[in-house]
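Have a look at the structure that comes next, please.
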Amino acid sequence: MIPLSWFLAVSAILFVIGFFGVLSRRNAIAILMGIELMLNAVNINVLAFWRYTQPENPAGLVWAIIVITVAAAEAAVGLALFIALYRLRTTVNIDEVDLLKG
Amino acid sequence: MLNSYAVVGLYLLIALAFPFVTLLIVSLMRPSKPNPLKNSTYECGMETIGDTWVQFRAQYYLFALVFVIFDIEVVFLYPWAVAYGKLGLFALVEMVIFIGMLALALVYAWRKGILEWQ
Amino acid sequence: MNPLDPRILGEWWNTFLRGLGLAEGWIVFINGLVVTLILLGFGLTSVIFLIWLERKFAGRIQDRLGPNRVGPYGLLQTVADALKLMTKEDITPDNAERVTYNLAPGLAVFAVLMLLVVIPFGPGLIGVDLNIGVLYIVAMGSIGIMAALMAGWASNNKYALLGGFRTVAQLLSYEIPMVLAMSVPVLFAGTMSMHGIVEKQARFQWFGLIMPAAFLLYIISALAENERTPFDLLEAESEIVAGYHIEYSGMKFAWFFLAFFLNTLILSAIAATLFLGGWQGPFVEQVPILGVFYFFIKTTAILLFFMWVRATFPRLRIDQMMALAWKVLVPMGLVLVLLAALVVKLPIPGLLQNLILFVTNIAILLFVLGAVGRHLRKEAERYKVRYQVSGIR
Amino acid sequence: MDGLLFLIPALPFLAFVLIVLFTNQDQKVSAGLTIGATAVSWLLGWYFAFRAFFDPHGVAEEPIRLSIPWFPGGYSIFYTGFQVDVLTAVMLFMVPFLCFLIFVYSVGYMEGDPRFSRFFAYLALFATGMLGFILADNLLLAFIFWELMGVCSYLLIGFWSFRKPGETHIDHAQVKRARAASIKAFITTRVGDTIMLAGMVLLYAMTGSLRWSEILAPETLEKLADKIVSMPVFGVAPWATVLAILIFWGAIGKSAQFPLHVWLPDAMEGPTPVSALIHAATMVSAGVYLIIRTFPLFHVVAEGSNSAMWFVAFIGTFTALFAATIGIAQFDIKRVLAYSTISQLGYMFAALGIGAYIAAAFHLLMHAFFKALLFLGSGSVIHAMHHGHHVSHEHGHGHEELPIEFNPNDMRLMGGLLNKMPRTAWTFIAGGLSLSGFPLITAGFWSKDEILADAWHGGHMIVFWTLAIAAFVTAFYTGRQIFMVFFGQPRSEAAKHAHESPNSMTVPLVILAVFAIAAGWVGIPETFPGLGAVVRGWFQSLMGAQLEALHLEHETLPFNAAPLLISMTMAVGGLFVAWLIYGRKPLGYEDPLARPLGGLWQAWHNKYWVDELYQATVVAFAKWLAHFLYNFDDRWVIDPIVDGVGRYGRRFAGAVRRFIDEQIIDRIVNGTAWVSNVLGEFLRQIQTGQAQNYLLAILITVTVLIVLGIGVG
Amino acid sequence: MVLQAIFILVALFTIGCALMVVLHRNLFISALFLIASFFGVAVIYVLLEAEFIAVAQILIYIGAIATLIVFAIMLSRGMMTGRTSPRNAQALWAGLGSVILGIALLYVVAYRVQWPVVQKDVPADAIARLGSALVGRYVIPFEVASVLLLAALIGAVMIAREKEV
């Protein structure tokens, strides 16, 4: 049987990679990809705990589905935003979008 | 349960490898004499006009968007369908509400003219 | 232990392997290999035969002979084409994305091949009976969409890109009705595994008969999913440019072509399984081997229907196609699912339920056809008026 | 029913408030309000009075009481309230009744006065004061109502300090005199009151309470009598005597006895009903009532030179004779009556001084009736004279020359009014006879005779003979007054044209006349031959019960013919002599006695120059002191100090501003502003607008936290 | 043992793809690697015997979200060439921080915490159980999900729609 900590390790690594992606990429859509990665990491974590603690309880699965749904909705709206942004500012570089500068 | 997926996994690997291996094998057999004319993009024989990536209309994105919403609806629909036999009437009512909500989404998209393909 | 039962073959094989004293893991591995080989073999050979059948059948309908030069009745024609494509030079357009360009055809074929695993050819004859069979089919279908998109984008060709987007749009739009249609049998069978669904359709309780509207819905969306005749605007013969696989030639084009036909075969097989009771038929319990025979009859019947549609129906415009998908099929799908759920719950005996379902489906079909008809007639009027006004005949 | 007790003073007060706040525009309503309130108080008063009369011993022992906790006084809560015992009952019988009659009378008298409702408001307030005073069950509440009466007397005396009714032009002399009189009345009574207050405070200090029942209890009195106090000027005396004398000074001030009597004659400037009510019946008698109430305090130290009784007797008898003599030489009809009041009050104090408790109370009661009658009668005469004066002007008699300036009060311009004003005349004559003590029929005779009998029986011969002479002089000036006013020929046009006053004024006169005559019979002593058996000394037994409650012994006097005969002769003799001088010959404008008596008469006429004496001594000293203090304050000491402080203060503030303000504080304030500015500038960089920078910050903090968590965990 | 080997392979594949997503210069290629990593994650779900989620993952992530991302990339096509360096100024710090965070998390996972592991296998009718749970105990999230989808659609449409041309 695959020990639980392996799954947690993989999800941790994936999360960190996603986070790095979000922080370091210039392009907005790349950031969105980073976010999707992070969400997947979370899902792995949830299901790992579901599988190794209460497999008979469907709560884990429900949570996973909800996370997927939210991720999809978030991606949809996020990309719509970036498209609108592109139409307005002809750029999708997050660097250039800093109107809220102090 | 896992060994059934083992078979699927194995099949997956082979099914994935098969086309690419064949391509490799075939690429050895066929002649390869590239020349600029031949390699230019085919545009009914005429010179390519304008940039390759034509301006992309939001239309395609919106269709994909509506698809995403209904795709997720399906994901919710199937477990309900599977478990429907054992559940009572309330399951039906709840699903009616769920589908009603998304029908609302469809009506909204319809009214907003997104479903038309200019 | 009926000798004609294919399952005996399976058990005999397993006992034989255990006899060899192999570790459990290895047995699974060997079984896997055997299954893959069988399926791949069947898949490829059937495609070649299918292409030939298609061209023959189309010819017959158009009152002409199909391919008959190569081999008896032209049977080897497809093999000749395949050999030709293999040896033709493969041109890669300059500054195309090399990786994606090469990946696309392989992915297309892979997606379709993956579907073979779950199709129950006979009572015991199924690659793997996954208990999420139906969804697995839908999922693999969506990978096919990815392949089309990658091809369209990577070939650095304006028309390829446009074609790619339009194909993807069409595939996406028609995946929803297809999935909704497939959820009806799942609802009735109470399970997603293909084997389970087929078992549920014993004694002529085929879901296609109970819910003809759902069956028709599935057939229409399968046609669109497969980009066949009424919806094959993108790379139809009459068009100048052949959709997203313009820049492909040689073996890569062959793969796209193979994927196209294999998809047709598998979709019809699935249709047969879900709606026509797969290998169900008279005396199948007594003589299980009959199941395989029944399965092939039903699949070929649907195939012929597809070919017949391809040969006869005119082509739909892209906006009409989209409108049909979203404004007609999706709502119909939703209604059917709810209808099925409602009726199943009614406290009346099964047969009566089936009857009610049948009648209501017919009613829905008539209503939908009427509505679409009226809409088209109104459109025609407006169309005539506009031109009347502008004086153009 | 006891709850209604508090209504008696409360109703007039309510009338006062209503008039002042609401109804002062409508004269008829305000008059009605006051009279109505007094009528109810009168009825309630009589209810309680008769309840006491029917059961003297019960009420004396256990007075009807209504008390509420008022304020925490040192060791215990100070209870105050009202009580009715026999003495109060007697007063309750007399006071509200008289107030009611006088108020009805003053409706007619004050007709047409622009400030009519204000007058009735003051009357209502005065009634509240008087009723509250007699009902009060402790000295403090009594003192408050005592002061209220003082205020009312000031207001009423000075009532015409604005304009005479009817005349458009302001009679400046009259206004000035009225103002001076009211202030004089107020200040002289205030002198007496402050001394009394001192006595009250000391009493409270010594006994810890001011309630009658507690301070007049035998054991507290014993305690006071034993304690000795040595005073710098007056030497050693027991506390009881000292307190008694101090309280007696309050009575001297209020009842206008010898040293502080000067204000009463001048108080005649007020309207006649005021004089009748305040300066005859009620207020002045309040002083006597107070001393009767605190009689046990005086009586505790009975003999010896250091007894308070001796002092009271002396003041009483001296004032009686002193005031009576002045009365002879006065021409103003109301001033004669004023001095007669002072002398009669002197009689009462003399009676108290010699221990004649019952006689003093009886005389107080009787005097109130006939003196009110006399004042109202004089009021009606003045009213008629005034009216006559106007009529004579209209009939064009022109301005007749008179040796003296016309004054409606002056008796020399009157005469022969008997047949012009028969009802007023006859009631006035009845009052006069009662005042002079005409034997057997008038009330005045019985009450004065009682006092003389007591003096004779007690062996105080000096007191007896001075009072007898005073009686003779009283009879003389009363007769003089009657003959000058009503008999002979009218000596002025106004007198010729005078005619009877309206009914509202004469009806009270008739009622009072009846009381002036009949009331006396109540007090006929048992031992009196003949009549004694009829009444069996009802009043004596009544007051006797009161004395027993106060644990003082009293015995009914044996009948003794000597004092009776002397008093009869004095009364009749006085009247006969008056008839001899004033009755027979028609009088001129000059007083027949003036020349024969010469200097003595002048002394009497100028009131022994007492006013001038005060003016020279007390008032002058006060003025000097005020002037000295003013200088002390303004020119020499305080102003310079204050101005100096002001100037140096400004210079010092300037220095502070220049040095501290500019250098230190401004610098600090600006400094903080500069620091925050710099800090702000630095912190601004953090907000780059890049979402990712913020995320990086999150990443770093999360990492640090986890590392810490690991480190700690 | 075989299972663990498979797991390691799949894990490495997924992490590799994830890294390529983050590091690759060309946006479209990183999108493809994203799809590959989604597929890897799906396989991990299969290893966890959560097959329904695996299929849902493939169906939604690859089928829908990846398509959306590619469409978005097409729409803002200026970025296709990847001329400029994909990484912004703070990449270095971000990398450092991430690495440290990663190490910390791994340490926590590996040593610090004892996970309450229990040897139970997943019930056969997991999907039916899920269906009844979705409609029974977790009906609120179920309905809220539909509302969420509606809201997302309306929002995205409002934002992305071209002005009435």
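For clarity, chains are labelled A, B, C, D and E in written order, and residue numbers in each chain start from 1.
The rule we apply is simple: contacts are C-beta pairs under 8 Å (C-beta built on N, C-alpha and C of every residue); 3 or more make two chains touch, one makes a residue touch a chain.
What you see is a predicted model, and the numbers here were worked out from it, not measured in a lab.
Listed by label, the chains that touch chain C and also chain D are E. Of all the chains, the one whose CA centre sits at the greatest distance from that of chain A is D.
Contact count check for B-C and B-E (C-beta pairs in contact): higher for B-C.
The greatest centre-to-centre distance from chain E, using averaged C-alpha positions, is reached by D. When chain centres are taken as C-alpha averages, the shortest distance to the whole-protein C-alpha average belongs to A.
Mean C-alpha positions place chain C and chain E at a centre distance of 29 Å.
Chain A and chain C have Cα centroids lying 34 Å from one another. Chain centres here are Cα means. That of chain D falls 107 Å from that of chain E. One finds 21 Å separating the Cα centroids of chain A and chain B. Under the contact definition stated at the top, the residues of chain E that touch 2 or more other chains are 3, 47, 49, 51-52, 56, 59-60, 63-65, 67-68, 71-72, 74-75, 88, 90, 94, 97-98, 101, 105, 122, 124, 127-130, 132, 134, 145, 149, 152-153, 156-157, 160, 162. Listed for chain A are residues 19, 23-24, 65, 68-69, 72-73, 75-76, 79-80, 83, 94-95, each touching two or more other chains. Looking at chain C, one finds that residues 130, 135, 138, 161, 165, 168, 172, 175, 190-192 touch two or more other chains.
Chain pairs that touch one another are A-B, A-D, A-E, B-C, B-E, C-E, D-E. Chain E makes touch with chain C in their complex at residues 2, 28-29, 32, 35, 51-52, 54-56, 58-59, 62-64, 66-67, 70-71, 74, 124, 127-128.
On the chain E side of its complex with chain B, the touching residues are 3, 6, 43, 46-47, 49, 51-52, 56, 59-60, 63-65, 67-68, 71-72, 74-75, 77, 80, 122, 124, 127-132, 134-136, 139, 142-143, 145-147, 149-150, 152-154, 156-157, 160-162. Those residues of chain A lying in contact with chain D across their complex are 19, 22-24, 31, 94-95, 98-102.
Chain A contributes residues 1-10, 12-21, 23-27, 29-30, 32-34, 36-37, 40, 43-44, 47-56, 58-62, 64-66, 68-77, 79-84, 86-87, 90-92, 94-95 to its touches with chain E in the complex.
Against chain E, in their complex, chain C makes its touches with residues 25, 97, 99-100, 103, 130-132, 135-136, 138-143, 145-146, 149-150, 153, 161, 165, 168, 172, 175, 190-192.
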